[in-house]
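Residue numbering begins at 1 within each chain, and the chains themselves are lettered A, B, C and D in the order written.
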Amino acid sequence: MHLLEVNNVTKRFGGITALKNVSLYIDSGEKIAIIGPNGSGKTTLFNVINGVYIPEDGRIIYMGRDITKLSAHERAKLGIARAFQITRPFPGLSVRENVMIGALFGTLSEKINTREALKIADEMLKLVGLYNKRDELAIKLTGPERKLLELARALAMKPKILLLDEIVAGMPPAKVDEIVDLVKNVAERENIAVGVMVEHVIRAVIRFAERVYVLDRGEIVLSGKVEDVMRNPKLREIYLGTRFKGGV
Amino acid sequence: MSSSQTSGKIFTPLTITLIIIMLVIGFVGGYYASAVSRPSAPAITYTYSVPYTSVATQTLYIERTIYQTLLTSPPATTPTTPKPTTPPPTLPSEIVIGMAVPLTGSQGEVGTAGFNGIKAAIKWVNERYGGVHLFGKTIPLRLVYYDDESSKDKVVQYTERLITVDKVHFLLSSYSSPLVFAQAPIAEKYNMLLINWGGASDLIHLQGYKMIVMVWTPASLYMTQAIDALLSVKKDPKIVLIYKDDEFNRMVAGGVRNYSKKLGLQIVYDKAYPTDIKDFTPYLTSIAPLKADALIVGSHFADGQLLTRQLADQEIDFGFIAMNIAPCYTDYYKAFGNLAEGIICPSHWEVGASYTPEIASKLGVEWFGPTEEEFVALYREIVKDPTARPPYHAASGAAAVLILVKAIEKAQSLDPMAVRKVLGEMHLITFFGEYKIDPVTGIQIAHKMILVQWQKGNLVVVWPPEVAKSKLVFPIPTWAEKKAGKQATP
Amino acid sequence: MDPGLIIFLFLQGLVLGSIYGIVAVGLSLIFGIARIINLSHGALIMWGAYTALTFFVGYNLSPLGSLFIAIVVGLSLGASIFYLVLRRLIGAHELTTLLATFALSIFLEEIARLNYGLDYRGFSWSLGVVKIFDYRLTYSSILAGVIALSTVIILTLFLYKTRIGSALRGVAQDPVGAYICGIDVNKIYALGIGIGFGLAMMSGVIITMYNPTGINPYLGAPYLLKSFVIVVLGGLGSIIGAYVGGIIFGLAEVVLFPLYDYLHFHSPMSMTLFTEFVILLILLLIRPYGLFRR
Amino acid sequence: MIKGKIIDHTSLIIMIFSYIIIWMLKTSFPEYSQMLTLLLYYIAIAQAYNIFLGMTGYVDFGYVSYFGLGLYGMALGVSYASQNNLSSSEAIILGMILSVILAGSVAGVVGGIALRLRGAFFAIATIGLSQALRYLIEGAKIWGGAEGIIIAKDLRKLFGEEGFSYATIILPDTGIFILAVATGIIMYLIRISRLGYGLLAIKEDEDAAKVFGVNTTLYKFVAFIISAVLTSLVGSMWTLKVTAIYPPESFNITFSVEFIVIVMLGGGGTVLGPLIGASIYSLSKYYLGVYLPGLQLTVFSIILLLIVLLFRQGIVGELRSFLYKHEIVRKIIR
């Protein structure tokens, strides 16, 4: 049995179909990547998986349970964590409180009190290297630091699946490697399945993922092992094709 | 906002349960509670008559309706502090009167008018009369006041400040019944005498307060004179009654209802309207087909003006229109010009309601205070407008000061209890009219309403006949005639 | 019930609703453009009414003339208030601007009180009446309704057909995007708030055309309250929604009243108003963001 | 429930200390007792409202409804008790229970319907509620209709002639003090608990909060109910002070605005904010009224405008984020 299964999911916004019969799966502790050009529906897919949107059609099975109709916070409690592409820290709270909220409402939520949550928060901040800035207001962090905060907050939830949305976009290559290694280590240590979504930094994907799904205009067009997909000419066509149409 | 879709569950079990609970509580509880909380009004009311000697020589009777509940509640005892016979070792250099008064907010206009009247009266006492005569000395009055912004919070705060910080000797009330209700417990707590010149609701005095004394006629008697006047010109009239849904006008309407029931008159339409009404047309379309003779309106300012405007637009004619408060002010004529002709306003007092020392001596009742001319002159000095016309609120405020001063002199004491006792027994005529209260409740029983009517651009006293300056015009010109320039000529 | 009455009540409801509508439009516009809940809207309505009164009594100028004065005064007042106060608060939490406009409304009311006193003033401006069966509708109130309607039409055309109008809409949609496109966002905000203030003052004049009495410094508060509800009904930020909401309210008042009157309620108008609010709550259940907003 | 170093709870200590000072001032200067009671009343309501408005950032213009229902609950309880010859303590308890039930159930319905809306939409949608209640009471003539309920006589009957001052002054004053302390402590406990962090997350970014596992609907709802119930209790005490209540004043929207102003003046979501906000609001209005009668509102509006411009997040809120780097500030100012 897979940890998470997405079966034939369709999501429409008005007349536009953002996802069309999308199916994928993740196993426990597995790392997958979802790639695709801009506008191909990746963010919508993540939103459907973690409950921001309810799909019109199809089912989402998590640990053998149908979670299609569950709302986002219930899924978070079950262990689906998410880091946003456009970072969304709680700006008026300190870095530490941000991470603490992750711990307080994650899978451990009923088992820990605020003091224990604080401990977890500190641990995570040390892990991502933001411990020195723990008492800054989140709004004062720089762009890359916010990405790290997103990551720390998601990890503090002690998830079973971590959905990383463009976590390394806009970062210098050395930093990208560092973060990818970090995620990989934590994931292996705590047996977290990771779904990472990337647009352009393919390099990160190759270092990281075991399997790849390629999404184009709301449909999965390719899937399989990293090497296979990378070598497939269709991939190139998707990327170049969209570029020639002029859509950025 | 886009992602709020998933939270769109409206009828979760929780909300449904709550809605049901709410409905049950709302209807059952509301019905039950309303049944228990309403003052047990007409069914067991008890009416008694107080002999009342009018300004003219004949004796009239004023009808008083006191709720049964008052009679069964523990009787309030009249304060019986013995009168000090010897002067206290040190007399204060001035007697301080305190007042929290609405100078701003919804009651601001009337509050200001009363405030100016009070200042005029104090000026008279200090400058013309020489001060309060106490133990052979004359002591001037001083007024301490705060603006309570027509708000209950403020009136409570400032009433206490007046008593405890400013150490006033006596208190004048705020204006409007809700504010007087709010300040009454504080005054009572400190055993402070509160002269109520601004809260007309009878109910204030039926709560068992001992230290509140009323200056003007209670609300339930506001319009009864109007009905008398109407009966004098028209037999068996059909009356339309509409009134603003507030404490004061509800009492007014209740008075009209009881009085006409007693006389066997027919009220063909009897409805309230909300305080912030913006359109009377629906009421008017219901009233128009009834072809009634008289319209009696319990109103304040804005609503009274709006109603007049829309009556004129719809040309719904009545031979007799009596309206509270709004027509008593000159702004009314300024706003409507000729259209105001013939409109009647019940009033506690108007310029020209000639209560004079002569009338007082004829009746054998003591006279005190300035004459009407003196008062008007002083009022004009205070407001710095040589043509100003004091409304009855100003006169009522002034009368409160005069009555208080006379009572202090009679009691020869500054002790509120002693003064209250004197106030309960005193019978006095000022330019405002007669003063005599029911000694227990403090309700005014002698003061009498008058009716004034706009005739040829002037507000003229037309009722009661004894003090009338002109005859009541009935029926008044129709709206169409008034638009063509016809005036109400007796 | 005779048909004449029904037609009359319907027309009366339309006129009244039209006035409610125009009162609400300014509020909706300012919210739509600058995300400001303008609590000083009521005070501005009151100033509009005083404008009409002052010019009528002092210079014998009919309210029709005062309309233009009110718009000009409102525009300049709005723009200057924006540059003085609100500019510093753009982007702050909605509550902060709420506080600022609350302070402004107290200030405006107090200035009016100190200037005019608390008297309930009024004036007589009559153009005659038109008879509808047995009932009469004044020309001035019909005029008020027509002016309200045409203002809404002109405003809509302005917003959708002119360059400045589209700039206004652009800023309303996305200030940052508009800035990138080379629009001077501050100027547009100033213009939008100016138009909103102008509309508020103008609706004050229109109110005096319908009812030229009862003018005092606290005139605006009930209108503000009502327009809040109307704006929600129509969809916050939508001009047409605000106007249609007003019409619905106006019609509801004249339609429901006879019903409650017939049922012998103690105060039929109160029940009518109650029903209006219930309608609003039910509507919110079905369409949380109003009639004219997706 | 409260653990950890004492320094972490400095704000709670400051708050309780301030209450004690106010109470001591009140007993030692009886001439100012009403002014201080009113201050406590503002603090209590602001603190209760802070639990909802300050923590979640949702503005409820109809908030006065819960205060008004509190007024009505107590008035109904007292008049019922007086007519059924219950004892005075039964009357007060009955009144408080009625207040809580009324406010709680109405808040439940409104929360269920309106909390789906956000920001200004929620704020304005709730306006309808207070007005609907007012017009229902007036139009259908329930609960005495526009006549209101006058309980002075009932209180006299229940508490006796001597107990009247106790019932209308001492009892409500003490009640308001206790409620002020209670709401302060409840607010503090919420602020440091899971609920508080959840609410703050909602205030900062509701969608993100949801993704991070905060049950936003439930949390908002709970905060709303707690807040409404506490306000209604303050209202029930206030009834005893004013002794006569009428629908237009009980559901006057101006009070809602006033409460919002107080909370925002101090800084929403902070523990000390309502204390500071209420003090500034209440004292400045009082003393302006004493020294500039007639002009107080003009001056007040200018002061208010200046505060808004200088302290955009409220006084405490602005201080806190300005001095956030200093650890001591973080601990003291909450």
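The rule is short, and it goes like this: contacts are C-beta pairs under 8 Å (C-beta built on N, C-alpha and C of every residue); 3 or more make two chains touch, one makes a residue touch a chain.
The structure presented is a predicted model; accordingly, all values stated were derived computationally and were not measured.
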TODO: If you tally contacting C-beta pairs, which comes out ahead, A-D or B-C? Let me know.
DONE: B-C
Task: Innermost chain, where centres are averages of C-alpha coordinates - done: D
- [ ] Starting from the Cα centroid of chain D, hunt down the chain whose centroid lies farthest away.
- [x] A
Task: Inter-centroid spacing, chain D versus chain B (mean Cα positions, whole Å) - done: 34
Open item on the list: From the mean C-alpha coordinate of chain A to that of chain D, what's the distance rounded to whole Å?
Closed with: 42
Open item on the list: What's the distance between the Cα centroids of chain A and chain C, rounded to whole Å?
Closed with: 48
Task: Set of chain B residues in contact with two or more other chains - done: 1, 3, 7-8, 10, 104, 245, 272, 274
Task: For chain D, residues that touch 2 or more chains besides their own - done: 113, 116, 135, 138-139, 141, 145-146, 207, 216, 297
Open item on the list: Two or more other chains touching the same residue: where does that happen in chain C?
Closed with: 110, 266-270, 272-273, 285, 288-289
Open item on the list: Give the list of chain C residues in touch with chain B in this complex.
Closed with: 5, 8-9, 12, 16, 110, 113, 117-124, 126, 129, 134-138, 141, 211-214, 216, 218-219, 222-223, 226, 253-254, 257-258, 261, 266-270, 272-273, 285, 288-289
- [ ] Mind listing the chain B positions that touch chain C in their complex?
- [x] 1, 8, 10, 104-106, 108-109, 112, 245, 271-274, 276-279, 281-283, 285-286, 288, 301-303, 305-306, 308-310, 313-315, 326, 329, 331, 334-337, 339, 483
Task: Touching residues on chain D, where the partner in the complex is chain A - done: 3-4, 192-194, 197-198, 200-201, 203-205, 207-216, 321, 324-325, 327, 330
Task: Of all residues in chain A, those that touch chain D in their complex - done: 50-52, 71-74, 76-77, 81-82, 84, 88, 90-94, 97, 100-102, 104-106, 109, 113-115, 135-137, 153, 157
TODO: Mind listing the chain D positions that touch chain C in their complex?
DONE: 57, 59, 61, 113-114, 116-117, 119-121, 123-125, 127-129, 131-132, 135-136, 138-141, 145-146, 253-254, 257, 260-261, 264-265, 268, 297-298, 300-302, 304-305, 308-309, 312-313
